[in-house]
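Chain nomenclature is as follows: A, B, C and D, assigned in order of appearance, with residue numbering initiated at 1 for each chain independently.
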């Protein structure tokens, strides 16, 4: 099998895609947003509890490819308990990495480093970022449906 | 100068184009039609006196390229006094010749044989046939404006 | 298949002979856009290298050559479709524009509240949205003859709608791009006619596999895209029965579609010019002529036998594949094989097989209602052309196996 | 002209190196359609030989390459026009479609009786007829700022119409295709803006000679054709200022222009996709990108100096020609030299010079009102591009002399 492909579909990603974490809506969520990737039919809803600047709880539901499911799953694990400023820093680096436009900052990304393989597959960048964009809209509470088209 | 070109712009044609014959409308005309060639802006009106099957008099006015003017001029000279059936025979051969699809029948065409050179210039066929088509519509009295587009 | 030398045919298609990610390209996406034979590529180059001229308007030789090539293609398309007159052939930029033209120029001035436009449940967005737009503009209603579980459109469902009354236009795909189903076009046209509706056939997926005869089909309009017929992008055709199309208002205003223009009054040219405003895709259309000439050199009986055999081979291989669901199982199908894996999302399938050189299409195939009908977000779709062979299918199956291994 | 090696440039245009009727081609019809440099021809071939794929929808590599090429051209056009966002660039099939799109999608829903559309007296039919059509559809009135004897449109005539009130749209050519007049585009746009009208520029004859900056011009829409910009046929551009264009309804329905489709409700995609329904002219657009890349390799100051010098040379030669009347003598002119012989009809001129290898355009140039204004049925027109040289002009003059000898 192609080595780029092995990079893309790492164990962690396959595992998260098959058994996504936080695949549920937190009770008492006060923010939510919906995201679509019309190209491949990914769609998901993110709901979260924002307390001041901190995401106290977060979950998602929806369907999509392995990359988009794993991205949503790992994202929810990562950001739970974090404040928005730190989250934005992580996403900034994550975004650069999957776009192939920046180096991994291991301290920031931690487990998310497994998404580095996406950079070799430009058509899959949207899958890896859909959940993140959707979460940002939930935080901003702007009521927009995110679409990556 | 190119020999095809000399064939096209023969003395007879240049002469008729510079001094078109029957460039007037016959008094008491009972048939008329208008013809246009939008491609090059030729336009002319043919009026004639049809008595039974015979064209007793015919004339034209209008403006256009040398080929279209000469064609109209030689046509009016040729058909004056002829009956429609004979005219149709002449036009059939003339048409074939300028389209490059048939041999000249000298007996039919007479002086019109000078238009044989048109066959080498497909874009000019319409110029050579506009007056003839217009005359046919005048005879048919169908009130249509002829256009060669 | 004695008359059919697949290797000789493949040699004519340069794109087949490239490596993709280190593997030989296996092109199974011809329904999206077909590969082009050398003859087409060369015809396009020749226009740009030699027959540099706009058409219809100049007396110089390069322009005359371009005009002859362009109008020559019109005659070839007329022959290909079995149309009565060459003026029934309009060049467009593709199926999408062809259908929009009918909706706007035929439909918009004629439809009003109480009228209906009938389409089927398997249409491409290009044969849905233009009708939705004109219905919104006119107050007419869009009604749908839905598909059954095999992806067929039973004739009774069409008839039912027609019997209910008010249907003025019946628009349907000859062959479905998402399912491969072949619709009984001749029967549908006859039904439409007997209920005083005009028929519009979206032939985008039919023409790559057959030469439809519009006179025999009895349709009023037939639309297709050049780029799916082995011809250049940016080309398409609208056939319209003369009487019907001649009554249509112009689609766009501009050069070449007029008889005379003054600021006070403009009169329009005859068909086909009236519906072809502006400088068309001259090199593209001449390339389409080259594609039709190329197709004429083939033995079509042999080509069709080869395609059918290959389709059956692929269909059986996919059906035997455990954990794979074939979608679109109409009795009469061609060209397209859609499927779904239990273990993997179509988008992942697409990426993984691409790394093995296999070009598949994954997604909704611009047919979201079909996806909805089958309850899937997307499918993977292999589509065939006569230049495919068994090795292509074997590569497909092997690459799908890789996907499955990865996800289980 | 030290930086400008005309022979090196001519070597890049294969069509220049052919014989026509036994003579070397002298191409003076670039305003009808421009010749293509090798880089464009090769870019088109490469799409068909390698990057065989439809765009936007597939994950396989050929499709990705095609998508990157297509979207890359959008960014190049954005830079070429100085537009703020790449989503302000819509690919069309040509200027004609671009203008029709504005008339139908911006004009039609907004115009009504009492409103006016202002054009000028030197417009190409493509910038007349679409406005006549939308005026007929909406009850709006078409008004015209007429040309003077030199073929200029005095600003006061535009201002007069605007002051009279009711003008919602001002549409005008940047450069006239029949006369060569350059209009004061920036001033007209400012006038339009100050009277709350939107401005639409037909840039078909401007872009081959300059890179217009839409931000500097202050226009709302700018339209041009690829085939006149050394790019493939069947391509064009509509630039629209984001806020204005974003409020427009879609032009055509189909694939790629939707966000989601159900039979009950369809929602549309964002710009630019919303206005690009169906499979576009992928290879053509990628070829346009190659044309823009090629143009970038040239020293534009030198190119423009060369063009101006050549224009002056040709203009003087024609003016000195006895029995010849130059038509279109605006102070600021470029690219196009129209004329009329006392002794010969333009159609005869065209045929005769063609036999000497000189490709001229003769006719009304899709600008019948201009012909009427000058009281001629047609003109002969020589049009220039940067690959022309003095020898071309000398050949023109000598062939016109042949015409004159023949007819006197």
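We take it that a contact is a pair of C-beta atoms (placed from the backbone, for glycine too) under 8 Å apart; a residue touches a chain by one contact, two chains touch by 3 or more.
Everything quoted here is computed from the prediction, not taken from an experiment.
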Distance-maximising chain from chain C - centres being C-alpha averages: B
Centre distance in Å when chain C and chain D are each reduced to the mean of their C-alpha atoms: 31
Chain B and chain D, separation of their C-alpha mean positions in angstrom: 38
Separation of chain B from chain C, taking each centre as the mean of its C-alpha atoms, in whole Å: 46
Between chain B and chain A, distance of the C-alpha-averaged centres to the nearest whole Å: 79
Touching two or more other chains - residues of chain B: 38-39, 121, 123-124
Multi-partner residues of chain C (each touching 2 or more other chains): 21, 57-59, 258, 260, 347, 350-351, 362-363
Topology of the chain contact graph, where touching chains are joined (line, ring, star, complete, other): other
Those chain pairs that satisfy the touch definition: A-C, A-D, B-C, B-D, C-D
Complex contacts: residues of chain D adjacent to chain A: 56-59, 64, 68, 258-260, 269-270, 273
Chain B-touching residues of chain D, taken from the complex the two chains share: 21-22, 344-348, 350-352, 355-356, 362-364, 371, 377-378, 402, 406-407
In the complex with chain D, residue positions of chain A that touch it: 36, 38-39, 121-124, 147, 149
Touch list for chain D against partner chain C, complex: 14-15, 18, 20-21, 25, 27, 29, 32-33, 35-36, 40-41, 44-45, 47-50, 52-54, 57-63, 93-97, 99-100, 103, 124-126, 128-133, 142, 144, 225, 227, 232-235, 250, 252-258, 260-263, 266, 277-284, 347, 350-351, 354, 358-363, 366, 368-369, 372
Parts of chain B lying in touch with chain D, wherever the complex brings them together: 1-2, 4-5, 8-9, 14, 18, 38-43, 63-67, 121, 123-124, 127
